[in-house]
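Here chain A shows up in two complexes: once beside chain B, once beside chain C.
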Partner chain A sequence: MISPSQHRWADVIHRLEAGGSMLPDSPNNLKQIIGIYKAYAVPMDFYWRDLLYIAEQVFLNPLPAFKYLLPQEYLDRPNSYAGPAGSPRIWRGEASAHPELLAFMAKGEMGAMPRLLHHLWHDRINMEFAEACMQAMFWHQGMGGRFNDYLDSEPYRANADRAIKAYFRRNPLMLGLYKLWPEMMLEKVKQLSYYANLGLFWEVMAPVFFEMSDLYDEGKLTSVPEAMDFLVNGIFAIAGRPIYHNVMIEGECFEIVPKSEGFTWLYEAALPYVEAVFYRTSPFRGTKSYNAQANQVPDQQADFHYGILYADLFPVGSAGIPPTLLMQDMVHFLPPYLKEDYSQHGRGESDVLIQLGVSFQRSMYNVTSAVIQALRAALLYPLDDTNPDHLKANRQFFEAQMDRFLRPEARLGEIQTAHYR
Partner chain B sequence: MMTVLLLLIPGAAALLALVLPLLPARPGLIRSVAAVAPAIQLMAALLCWRHLPADLHLDWVPKLGLAVDLGLDGLSLPLVLLAALISGMAILSASADQPRSRLFFSLLLATNLGAIGAFMARNALLFVLAFELVLIPTTLLVAIWGGERRAGAAIRFLLYGAASGLSLLAAVLALGWFNANGLDFSYEALAHAELSPAQSRWILALLLLGFGLKLPIAPLHGWQPLTYAEAPIPVVMVLSGVVSKLGAYGLLRFGVGMLGDSWLAWSPWIAAAGALSAIYGALNAIAQTDIRRLMAYSSLGHMGLLVLALAAATPMGLQGAMAQILAHGLIVALLFGCVGLIERKTGTSSIAELSGLMNPLRGLPFTSGMLLLALMAAAGIPGLVGFPAELLVFEGSWQAFPLPTLVCLVASGLTAVYAVRLYNRVGFGRLDNARAHWPTTHWGERVPLLLLTALVVVAGLWPTAITGWSEPTTAAMALRAPLSASSVISQTVLPS
Partner chain C sequence: MATILETAADAGCFGTLLAAVDAAGLRNALEGTGPFTVLAPVDAAFAALPPSTVQTLVDNPPQLARILKYHVVSGARLQEELIRQPAWDSLEGAPIPIRCHEPFEVKNATVINANIVCDNGVVHVIDRVLLPG
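This part shows the complex of A and B:
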């Protein structure tokens, strides 16, 4: 119908036009991405709960030393998209925290001991990666949608002001500070609104990944495009769910970003997340230091390249770096078939974190493919449209998306090959 | 008996390695058999440390003054120990699937035989024979198992080696022939040879050329960078850790020990040559883009320090020279052992192509950790063996040659520059995703590095371990008395 693309990633574009994913379809790729979805979903089940706990309960605590020690209330909090009451019920499992997550939190690697010792020993689910993603969303801004603009609006400032004054009503020192530097507190509340935003985004993604893993185990997901389609369908099913930020202060609920504002999951959380974390990315602490005097700080925020798709895998293994901590979180929940696969490649158990990181890159390319296909479906034309002009419009859209992966750091070329591990 | 045993062991093992075709062709087995010989040699030499064995004397060609005179003293015993140790480590550092392993290990053991023979010889002609014996197997090792440019490297090594041997032979023959006391090449006779000052200086010039080529020092080092870059790593370990020490030992034994007056007369020039070599080696090391060549120039620089200490010929200077011989032998073997392992795993020793080796998961953290320690030892960091050796060199040379010592101090400081530069590029930074699929090191490969590292640390913390053996001998050989503080002040400050 239309001539072949001349783009650098023409093969990938043709695959997308045929309804495929940026990730080539192969049994091994499918095994890697589904295994990783499952291993990612378990810590993600903790991430979204803790993000909401921080946004709703910890709030402006000036010494939030225990913000990662999730109270039982939040572990029991039902996921809106799992369990019998889920609406829609994405995962057929239970709505409370995942059993493997609870088992790990009880014992960790070190065995049974007080929770604080587990925490101090980093024998826990690490929230650093989740917070790094939140910071990327908060930092880049201008990623479409209305959410970020709303944070500068008068209604938002009024809502935040009420919550700040209520939270510090018995703390004249903090109230005095707020009086002197109101923007400081407001900026912090904006960040907390992004905690809520990301928490609500991942509340959806965790059951999606659990369900994909279950379907794979049942033999009902047999190809990479099927996995991508499941994500696309999930995106459309959830697209209209609300994004909001409530704060609980002494039993009273303060609506900082009310549901009535009509912020929805797809446009105010999913797309900004993909744009900030996948496309634009940001330097993780410890992965890169920019020398301002040597003009090493890029002029464009888009030039930072230490996010997910642009992740440099080899900082993995260095202490305290968010991707390392994410890999360490995931390694506890690998399905047996993926452990077996890793033991047969590279250095086996010794470099499992890096092999896991490569699989994670692959799996996130599949998620990104789903987002691209979903956007195409929402904004443009079906893939089987017979109108050449429509197909050209689709082509231009795909090529524009692929332009964002031209930099070698994106490693789109590497994931096209099986030996990239 | 023990002296003979020390020589027989490598000889027998070299032959055994050659006749092992009778056994299944398993390079690992041949390597193990070959490694046993230096291990026994090391233990025998350690036994000799407690009770020096009696000298052995057998006439060989009396008309020529050639005799099998073998013995051990405070100079030769530490070097025998060093040679046995480094030979063993070199054999263990060889690949388990070393091609043509019988011949390879046999030649390595033959090199050991020559070096030990030279260190134990008490007859100058026998020393020359042993010295020349080393050249044959080492040239073959470079020529057969070397890198892409092995032919050029082997030819250059052979030419420089032959020049060194000829120069040495001429010097030894002249020593014997011009000796007014008759034709006798035993060390004892040569030490008391009656030579005219002119004869003595000519002979010293030949010795300096012969041993300077072997050490080497600038500008006689033309063979070294190429050979170190092309030879197999076990061979480089032996060349740098043992064979080059023949040159240092020869200068000490013949130059300082037998031609004292001429040595003293020329010592300012020798010290200047040492300082020049030290600074030249260090500056060149900074500019290198390949780890092997960097190590070659680093070695050149450290040999400069050694020559400075020999030139000073004070008790502490000579003690420092011996310490530097042993310390450098250990450090350079460890350095090349690390480089060999890096090269085996990554396929390159190019600094530009390596980075992030400290990465704990996909890098070579153990090997790069050992490399860091070896570089620190080379840079003279306290607590490691390089520090006491360099301290003794500088302390021993300062009073006699303050300016060359200062130059050498600067050169020693530059060691830290190229060490940091190298490690910053190779150890840190990030791994290249496309390349970093290297196998990890296994314990069999780590053992030589661990043993050498242990010695580098222990000798750093307990310096008398490397200086105690030779102290009485070097003190007796000293040509200059240590100057008192008051005499130093009067010489340097007060007008004459």
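This part shows the complex of A and C:
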């Protein structure tokens, strides 16, 4: 009904217009993305619980040495979207911490030993990755939604002030510091509000990915577009979930970002997350270095392109958002079919972190496709609309989204091929 | 003449919208003197949203109220007035673009029945639920 696109990524645009994903539909692509969703969901089940624990309980502890040692209460905390009480119940599994996560926490790679030794030996879930994502959201700010504006508002300052004074009511030294440099502690509370934001975001994504993995195992998820559609429906189903930040101080709940502000999962968490983590993040120091004086780092934050969609995957901490920490977390929970797939390609086990990093990249192109399709559905027109003006508006939207992948670092071209591993 | 909510109740095709107004605690506000311009999605518009979308919102009244306020503009504004501006600020805060005059389209919704004048404002019936952004 409208003429073909002349965009460099016209093929991908036409696929999106036909209800597809940026990732081509093939059995191997489906296997890679579903397998990696499952491997990602297990550590994510730890990330969201610990992010909320830090935001709600650790709070301003000046020496938070044990913030990654999750108490039983948070391992038992029911996921709002799993288990019999889930509303809606996205995953048919249980609401408490995933059994594979608990098994890994008990033994790690080193075998059974006290939890503190696992922690000190770094034989554990790498929460530093989750904090890096939180910091990306906190640092970039202003990516849509109203969460960040609220953190600069008077009501927020008053809420934070009450919580800070209550938290340190028996600590005159910290109260004195607060009096001298109030902005310092306020800034820390703002960061903790982003811990809560990301924790609430991932509390949704973990059961979504677990359910997709189960559906695939049951033979009920059979194509990449089906996987994308499941994500689109999930985005809409949970879009209205409140984003808030509560702090528990000696049994009393302090609402720092109250639910009554009306902040939602879609606008205040999901969309800023995708922008900050999938697209932007920040240049990592590692094997790849950047010279800001030579303009190798953009002077506009909006032009940052160090997220997974642009990442050049290296085996050690380097560019892109899935630095080694996340890959290391995911390698513990790969489903057997993906382990077998990796053993038959590349250098087998010796480059498994890179292979799963590339699968992760494919899987996140599919998640980004779901976000693009959800935005199109929310703000524009159905794909089967009969009005040419509406189809042109959809085309313009898809082309604008694809403009972000014109820069040479984008991996959109690579993921169109099967040999990119 | 009847109020906006009475008119909607009489029409018989706004059951979901009226239930949502009650769940969000906006009934008193919309029964006030206003005046308001309400872009009212029909039941079929809510039914077209993916499963659980409406239920999650109904379970969380402040979030539901925010989406509903995106369907309200202050003042009683007929179609002739609305099309004079490219966009109007909603009570939610985000602007609602007027994308097309003939047929009359508000954002990505088509107005299927315009200019229903009520005691405390004007209703325009739309075929899709509007989402901010």
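To be clear about the criterion, the second predicted complex is superposed on the first by the 398 of 421 C-alpha atoms of A that agree within 3 Å, B and C clash if a C-alpha of one lies under 4 Å from a C-alpha of the other, contacts with A are read in each partner's own complex, and residues count from 1 in each chain.
One rule holds for everything that comes next: a residue touches a chain if its C-beta (ideal position, glycine included) is under 8 Å from a C-beta of that chain, and two chains touch if they have at least 3 such contacts.
Because the structure is predicted, anything quoted here is derived from the model rather than measured.
Trainee: Looking at the overlay, does A:Arg407 come into contact with chain B only (first), chain C only (second), both, or neither?
Mentor: A:Arg407 sits against neither chain B nor chain C.
Trainee: For A:Tyr381, using the defined touch cut-off, is the partner it touches chain B, chain C, both, or neither? Pick first, second, both or neither.
Mentor: After superposition on chain A, A:Tyr381 lies in contact with chain C alone.
Trainee: In the overlay, answer first, second, both or neither for which of chain B and chain C A:Arg169 touches.
Mentor: Touch partners of A:Arg169: none, neither chain B nor chain C.
Trainee: Report for A:Gly144: first if it touches chain B alone, second if chain C alone, otherwise both or neither.
Mentor: Only chain C; A:Gly144 stays clear of chain B.
Trainee: In the superposed model, does chain B or chain C contact more residues of chain A?
Mentor: So, of the two partners, C touches more residues of chain A.
Trainee: Please work out whether A:Ser350 is in contact with chain B alone, chain C alone, both, or neither, and reply first, second, both or neither.
Mentor: Only chain B is touched by A:Ser350; chain C is not.
Trainee: Once chain A of both complexes is superposed, is A:Gly240 in touch with chain B (first), chain C (second), both, or neither?
Mentor: In the superposition, A:Gly240 contacts chain C only.
Trainee: Which chain A residues qualify as touching chain B in the complex?
Mentor: Touching chain B: residues 312-318, 346-347, 350-351, 353-354, 411, 414, 420-421 of chain A.
Trainee: Mind pulling up the chain C residues that touch chain A in the complex?
Mentor: Those in contact with chain A are residues 49-53, 55-57, 59-60, 62-67, 93, 100, 107-108, 131-133.
Trainee: Across the complex, what residues on chain A touch chain C?
Mentor: 87-88, 144, 146, 232-233, 236-242, 259-264, 267, 271, 375, 378-381, 389-390
Trainee: Show me the residue ranges of chain B that touch chain A in the complex, using the header's touch definition.
Mentor: Residue positions touching the partner: 356, 359-362, 430-431, 433-434, 436-437, 439-440.
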